[in-house]
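Chain lettering (A, B and C) follows the sequence in which the chains are written, and residue indices restart at 1 in each chain.
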């Protein structure tokens, strides 16, 4: 349930705090239930019963994580019913993709660089692309943050940063592997935090830092070791991976996000492409590399816990690497198909999506204290002077 | 100590954030110490010494939880000295009630639907009734929330939501029972969250959501399985319980709270009747039902951990159910007697309670930055000079 | 990584929230990496390799804690590069001091009253003294808090309060000792919280509470049992220690901090002398006392886990007490030498430190939303229309 922490990461929008944290809550509650069923059907369906336990709880949590990542791409432009329908489809696609990767292909992805982050990000981005609104600039003035909303978002960042070593190591086998995963994640996060600060100052022009980069790119180190965290990545490898992840993530926020929007019509509200998409794909490639280098000497008796098929002699390290790469391709295909399908089914404004001029605005969906008529006067005078100040 | 998370749930009031979180802290620190003594006297007093351990820490924490629930009913209308005296009495009543239920009657109530939630809520409500102020509307303008105070309160909600499975399972026996309790709580919380969103939109008239419902009723699923969480509730049972709890809680906020105030003169600031009172009683009934259905077949060897008296053959499932029901009655009696007693002893304004026009106002008790004279001009200028300071 | 919680404790400044939490993040990420190397070199360097594990992670976390404490003393008056250079030096000094105390002198200091709190506080205070700015009053108007920044800081307080029993017990040996440490910390924290409330009201003149006291002094109970928490302190001892710690800490904020600034030219932004300095030294003395009273009878078989040298007969309880006292002296020497050295190396304004009139101001280092020109108009109009809306 820890993924609800994502909710606060999205509170940065000046007029969308209730929806960010509220719909996170709604989506998580729905996805946790629905994915317990879907994943139970794939993984623990015996004699007409689904068996549940702590493991199914962790799996459902990870699936909810992917849904919340996709939510980040369309934040502010969709209504709660639309989001629930998106989750309805995404949970199924997630379950199928995870089943294909982990059970059919024997791919390793404990912390979900592929199954959670790559899948969630590209599902959301394609979904956002299909729902593209040419008139979105009518809501542009509400898209920024204000001082306190940025501080709220930092609560989410710190919460996720502290608990990320636990996320990545939760589904691994106990003992050595779990400790190794936690340590690799820890090193990678510290490195991505440093590279984010350095890059943010470097690319800003005037040497000042951008809160958006810190809030997000500092976490990219957790994403990038999602696949390889349980493997013999070594501390040096984890630091390098984290450094790269923080770097591409920050550069993505600065240079790629505007291009994605202007050229490719992909409006990515939270920049999930930078925090989950690119670092997820990088993490998948890192997994290919580290799996391909696996030897009996390096892992000893622990090989069985990380690469059971190699330990049993059914697969060489090289072929495991090929399977990892194939797993990434499968994930991207499922994400694109799922996101397109979801987008086309839900793109018409017959649902509860806000109009072009009402995006990023809480009072469409919430009774906001102190404001009884929707859009009465300039409803946003509120924070306007705020940002003008 | 985790119950301090309640503090943030109460921060929703626009001008009472310091007091909400500060007095939570004060009451928790006092109740933890005092209940270690009181409960130690009942449960682990041997040869003139009280024995303490992790278990006594958890027990004290649960007692502090009950005190904080009662605080929620009178939030904004009482001073810290008055609250400490209330806690002085309530901790004793809590200890006696818990001793009668768990030790004398052999009632099961691991997560405290009765001992914590029902007791805390009705103690607080009766206490609030006795302290009823006919002139409270003088402070009405300060009773609402503002945008950021609602976001702060959501921090409390999310914190409690994430940790509730751990609360309910903390005092159960290790292993299977603990896992079952966590899973049941988890399913119930997801269901109450969904039903809260649905009901909140349904009852609002214009389809918009009310942040107060989400902040509170979404947690009712944790309360309702406090008794039956360790039992063979089944996932379906947990989901149903959570759904009902979220529903009655939301309906309570919408329809019952105004009636309680206007007709019964019970002013319930945080709506503890909706989050703890009704779901607690419902949880107690659910415990009666599930205990009455207990069989050796369903629990196997685990029966001894959940119903030791049934396992030893000293009691039938049916008679356990009767004892559970009797436990609820005892709890309600102790809560009403305790709350009345507390109210009558503390109702005179000789203590530090605020005057009718100064309720829900921090600066009576706190040096609020930027405001040196209490009640200077319109009370909400507050933030003006605040920020200018 | 849990020490990042300190970040929020420092968010109380009205215009320095981004820097408080951002630079905490930056310093923690850097210190965690650098101290893994430095401490690895001292404690687990074998055959040319540093061995890492969960223990080295906890050690690095504690070192980062000391760096963040020092940061609290100079908060608002230093730039990020200057802080990183401070951390570069401080981590080395911390590592040497810890090695001398724990490995060479056989001093016990599980929760770090000496190695973390005393060291971090006096390093920071001496550093701040050397960097003293006579013209700092030019930034005085930004040194206070505002309503919401104080609430943000309380998030840090509550987070640290809840997790402090885990901090202090993390590095102790498992089982009994760990439980005892957690319980002692818990009792001490509850006592310091109560004494803080009482003293804060007593010293205020008008009976009102000061949020600064609650945010900080309530935590002094965790600091004061850092050394003796794992020892046979007894609940009564822990309560007394906490009571004293909360008392001196509150009195320190009220009376000592202004004197330190006006007479001794030590400007201590967060009051680390009150929360970490004095309670840390008090905790070290408490350790001397409790160690000196250690007997085989009181500890039984557990003596080996707490005082291995006494258990092996290599040291008497009295001589252990002397070593503890000597450990405090060594820590103070290292802190003074380190802080002075750091201050002299970094005191010239050639680095990125803000000018005298730009202290406690985010926009020197951050792109603050809605504010493109530093200090345009009254920058803080912000909340005005907000609350009125």
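The criterion applied here is as follows: a contact is a pair of C-beta atoms (placed from the backbone, for glycine too) under 8 Å apart; a residue touches a chain by one contact, two chains touch by 3 or more.
Model, not experiment: these values are computed from the prediction.
**Q** Chain A and chain B share one sequence, so how far apart are they rotationally when you fit their Cα atoms? Give it in degrees, rounded to a multiple of 5.
**A** The superposition gives an angle of 120 degrees.
**Q** Interface check for copies chain A and chain C. Shared numbers divided by all numbers used: above half gives same, below half gives different; which is it?
**A** Under half of the interface numbering overlaps between copies: different.
**Q** Taking the mean of the CA coordinates per chain, how far is chain B from chain C in Å?
**A** Roughly 34 Å separates the two chain centres.
**Q** Roughly how far is chain A from chain C, going centre to centre by Cα mean, in whole Å?
**A** That pair's centroid distance is 34 Å.
**Q** I need the residues of chain B touching at least two other chains; which ones are they?
**A** Correct list: 14, 146-148, 155.
**Q** For chain A, which residues are in contact with chain B within the complex?
**A** 1-2, 4-5, 7-8, 11, 17-18, 21-22, 25-26, 28-30, 32-33, 36, 52-54, 57, 80, 148, 152, 155, 363-370, 382
**Q** Tell me, which parts of chain A touch chain C in their complex?
**A** Within the complex, chain A touches chain C at residues 14, 144-148, 150-151, 154-155, 157-158, 161-162, 165, 179, 182-183, 186-187, 189-191, 193-194, 197, 204, 208-211, 214, 218, 235, 239, 370-371, 381-389.
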